[in-house]
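I've put the structures underneath this note.
Both complexes shown next keep subunit A, but they swap its partner, so subunit B is in the first and subunit C is in the second.
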Partner chain A sequence: MSTDHRRPLLSVESISKSFAGIPALADVNLQIGRGELFALLGASGSGKTTLLRIIAGLERPDSGRIRIEGRDVTGLPAYERPVNTVFQSYALFPHMTVRGNIAFGLKQDRLPRETIEARVREMLELVQMSEYAARRPHQLSGGQRQRVALARSLAKLPKLLLLDEPMAALDRKLREQMRVELVTIQKRVGITFILVTHDQEEALSLASRLAVMERGRIVQVGTPREIYDRPASRFVASFIGQINLFEGRVIERAGGMLTIRPDDGGPDIRATDGAAADVGDAVAVAVRPEKMRVGRAGPGANVRRGLVRHVEFLGESSVVHVEIGAGPRVRVSVPHGNGAAMPSTGDIVEVSWPAEAGVILRN
Partner chain B sequence: MTGGREHSLMRAAVLGVPWLWLSAFILLPFSIVVAISLSVATDAQPPYVFGPVLDNYRLIVEDTLYLAALGNAIRIAATSSVVCLFIGYPMAYAIARAQPRWRGPLLALVILPFWTSFLIRIYAWMTLLRPTGLINQVLIDLGIIDAPLQLMNNAFAVHLGIIYAYLPFMILPLYASIERLDPSLLEAAADLGSRPWRRFLSVTLPLTLPGIVAGTLLVFVPAVGEFVIPELLGGPDTPMIGRLLWTEFFNNRDWPVAASIAVALTALLVVPVAILQHMLAPREEAREVNP
Partner chain C sequence: MTHRLAGGLLIALGLGYTFLYLPILLLIVFSFNESRLVTVWTGFSTKWYGELLRNERILDAAWLSLIVAACSATLAVAIGTLAGVALARYGRFRLRWLFAGLLAAPLIMPEVITGLSLLLMFVSMDQVVGWPASRGFGTIVVAHATLSTAFVAVIVQARLAGFDRAVEEAAADLGARPATVFWRITLPLIAPALVAGWLLAFTLSLDDVVIASFVAGPGTTTLPLVIFSSVRLGLSPQVNALAAIIVLVVSVLAAVAAWANRGRFA
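And now, the complex of A and B:
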């Protein structure tokens, strides 16, 4: 996977769009490189689908530019863009067979019949639907329809494939299977994919990079790891995975280490200085549940004492909900199988985490 | 369970009502018409004696008058249906794609003429079209023409009347099928490189075909048998089979011939309609299952 950031495949420049005076996208900028599997992650109404539709040419932006390989395509209608889309509802043509659906885009280009037939066959094999070529969409299951929709939009070998919530209509088990398949297919065809999803698990597991959107803006762009480990805002931190937040104020900054006095009156928290925060700033210390432990950590770790309210069994691990004084209820993920004793409801325990585990979030 | 018997009784009752209705108001009257068509006309009350004879059918096949009138009626009805389709499709499309709050009022406007009697509306056209009518008066007053145009009692007026009267029957089924068309299918077609006109031919048209067929039949079938419009707006050059039937029945008091025309016309129209419906049935089913 070659990600060339110097000359991006897709470049979204200052795109704004509003519907009936209500802003859907506000000055969005984004660059996506060749071969990426990029996810646009956000809650419904965050503008992610609008952005996708603007890239596809199905919606016109109020202002801003869309460039593909440096060429301005903002004014081009959908049928002239080297972009294809897998629609959320799949939008398969009900009056055509699977073969007819896949051939549709190729026929628009008036390619020779043999070329079309060969490409259709290739696409059917790619999505393992060769046996179903003569079926109509209503004779297929949800998962099969999705494969056909994918084959139909890949058949034209677009520069960019857009997928709008491709897994939303599938059940959980099928969704996990299709995720793996989607990544495999993307690697095989080498086409850049942009996937819109509200499912953070899907975005984290599929994407090479992702953008988190909130109320028409991109709030953070990065690899899944970067976004998970170093969320840029409270919104990102709480939208992606579980996180514990300790609100407080910076009282000391020395040697790359911040000391934060929590608002709940507990002992001071030490955190390595990630974000630029000055003494006196109101911040939150965000700590992932799996970076905390029950019991005392090594020297220099932050320690809080609390009451176990609830233990949530999740299979490979359990989440222990600990109420800390008047402060927040924190979640601590405790893996099973390492011999450690699992606390039970009503226990008084100590919860600790090293200074490096805390991420400083400014307002 | 006692419910089983009650259930099947209920079923029989529910299915029985429409059957009873159809028997009493379609099957029975039509059987009477068939019986009359096999009778011999006499100067009596009622003016026929049951045969059974096929003489009336032989007459309407052998006398070219009837076949010519039928051919003319089919031609006029077919032309009018096509014109209705070309006017109705863009109208239905525009209504179906209008803002949802506008669709109701626009459809109401299409149906509005039905609030006035059909006959009165045709008379209204007469006052517009006749030599001393509004259209000719305005054209003469404006100096565009010197003498009134012959707008009435010809094929033009018959076509105009039929198109005017039956247009709503074209628009309503077209609207229903266009409105059901999933707009994301057109977006998908555009996304796959299809230009607007090809998109219409390859997606919109085939998927709204049931509406086109329904609308065309709803205009064509009654138009073939139409007699009020050719009677009031038509002339000697526009014999139509419905008008001939009316003449046979009321003027010539030849009930058997009139009845045989009615039976032949029904058979001629019902058979192709049944075949078309049978052909389109699987398509309808496919549309409904698709998400």
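And now, the complex of A and C:
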């Protein structure tokens, strides 16, 4: 399943949409390749569902185009688009059996009976619901309903499958199990998935690429690794995982290395130049807790002294909360079991991180 | 919430039901009275039922009433459903408030006025377009449908407001055109409301005296009109028997409606 960015399966071009004058989407651009499992990640109200509905044809954009395989589908109604959706509420037809639900889309294509029956059987097996074919939706559990909704929208073998927070209604254990299953199913059918979620863990663990949305805009697109390691803004950095931020001003730029004077009055911080910041710019240096260590690192590393306020035990690691002078509280992740001593509350410690662990954020 | 009813409430409930059902019970009991005098019990007999079944006038009227009720209920469901769907689904069209208001007017209009205005309309229509040449079956059906369309529309609208719009969108998303969505999804889901609306329209038509007395013709006397005029000449045990049969029929219809509606789409 190779991802082809040059000829995208879906292009979203300058899509804007307002409801009663309040913008829900502002100039959204996105290209998604064949076979991707793409996640749209954003807080509630950031416009994810609206974007999905515009792609599906259930909502009309105020401006902009939607193309599928290069063909402009902006004016096509939902029933003529090669796109199917798993709705957040599942929206199963309550008066039809599981089998009837899955067959519904195929019947609209006037396929021969044997083809429909065979495809329904195949889909029931795919989502492991064969024994429940004769049940009505209200006789199923939440997880089973979700499987039926998935099978129903996959049955037509669409070019693109949209999933709106498909796991939101499931409990944690089931959610983790369905996550694995969803990836397996996506690999098997080879259909491009766009998955909407507000759960960063879900997006990072499932997606081949993801877009982070904030108030109707896409603020960063990339692989989970890229977005985790090199967040493009303070918003993305703090939305995804834990991160420590040091606010300051660039005072020197030389040889691919920036020197930042922190606002809290501590020693200057050195960071590799990723964001093309200039001398005098206000920036933040963002460092993930697991990129920091307690104790002194090698030469050239940044070092701060502080007081351990709290040690949070998380199983395979602990997070040490260190208060640095008048500055921010810093979280340092310390793995267990490699012989390193775990500091305890009240200790004065040194916290260090190499220059290349810091990400420069300009906005 | 306590799930046991408090004593006082239970008594009030009992009184209410007694008040509602005691007259009907008395009516059924007296329909088996042997005496010609309606209120004096002399013994058990089914003779009034026998006489009723030989009374051509009443049988004809009953038959006419049933047909009128069925036709007007069907017409009301067809029009009322479309109006209900328009109100619930096509959100904010121009003059929606006027449409909604006009539709609801028959609910609060005194029946005498509805009947009188319909009569005037039929008379002027006859002069202008030549229909209806005489008042009778057609005019009663139209008049009753006019009345009950409003009830059906309100019931349908309430049912539509209560169900998840996403189900219709899911059907469209799966390739169903708007007409298919309506027939395969919307209609089956509001079917209980249609059944309830039809039964309500049917009973409204079946027991209407006021409007029918305006728009009925000489050859078309509905059952309530017959009962009403015969009661004015003096109570007859035959009418009790007839009423008992009507109660039976209506109860069966209500049971059927409840059965059709039993929490299928929970």
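Rule of thumb we're sticking to: the second predicted complex is superposed on the first by the 363 of 363 C-alpha atoms of A that agree within 3 Å, B and C clash if a C-alpha of one lies under 4 Å from a C-alpha of the other, contacts with A are read in each partner's own complex, and residues count from 1 in each chain.
Definition applied: a residue touches a chain if its C-beta (ideal position, glycine included) is under 8 Å from a C-beta of that chain, and two chains touch if they have at least 3 such contacts.
Everything quoted here is computed from the prediction, not taken from an experiment.
Overlay on subunit A: subunit B and subunit C clash in the combined arrangement. Once the two complexes are overlaid on the shared chain, A:Asn84 sits against subunit B and subunit C alike.
In the superposed model, A:Phe104 makes contact with both subunit B and subunit C.
With both structures placed on the common chain, the touch criterion links A:Gly35 to neither subunit B nor subunit C.
By the document's definition of touching, both partners, subunit B and subunit C, reach A:Lys156.
Once the two complexes are overlaid on the shared chain, A:Leu58 sits against subunit B and subunit C alike.
By the touch criterion stated above, A:Phe93 is placed in contact with subunit B and with subunit C alike.
Within subunit A, the residues touching subunit B in one complex and subunit C in the other are 56-58, 77-80, 83-85, 87, 89, 91-95, 104-105, 108-109, 138, 152-153, 156.
Residues of subunit A touching subunit B in their complex: 56-58, 77-80, 83-85, 87, 89-95, 104-105, 108-109, 136-138, 145, 152-153, 156, 169. Contacts from subunit A toward subunit C in the complex involve residues 56-58, 77-80, 83-85, 87-89, 91-95, 104-105, 108-109, 138, 152-153, 156.
Those residues of subunit C lying in contact with subunit A across their complex are 164, 166-167, 169-177, 180, 184-185, 188-189, 264-266.
The part of subunit B that touches subunit A in the complex is made up of residues 182, 184-185, 187-195, 198, 202-203, 206-207, 283, 285-287, 289-291.
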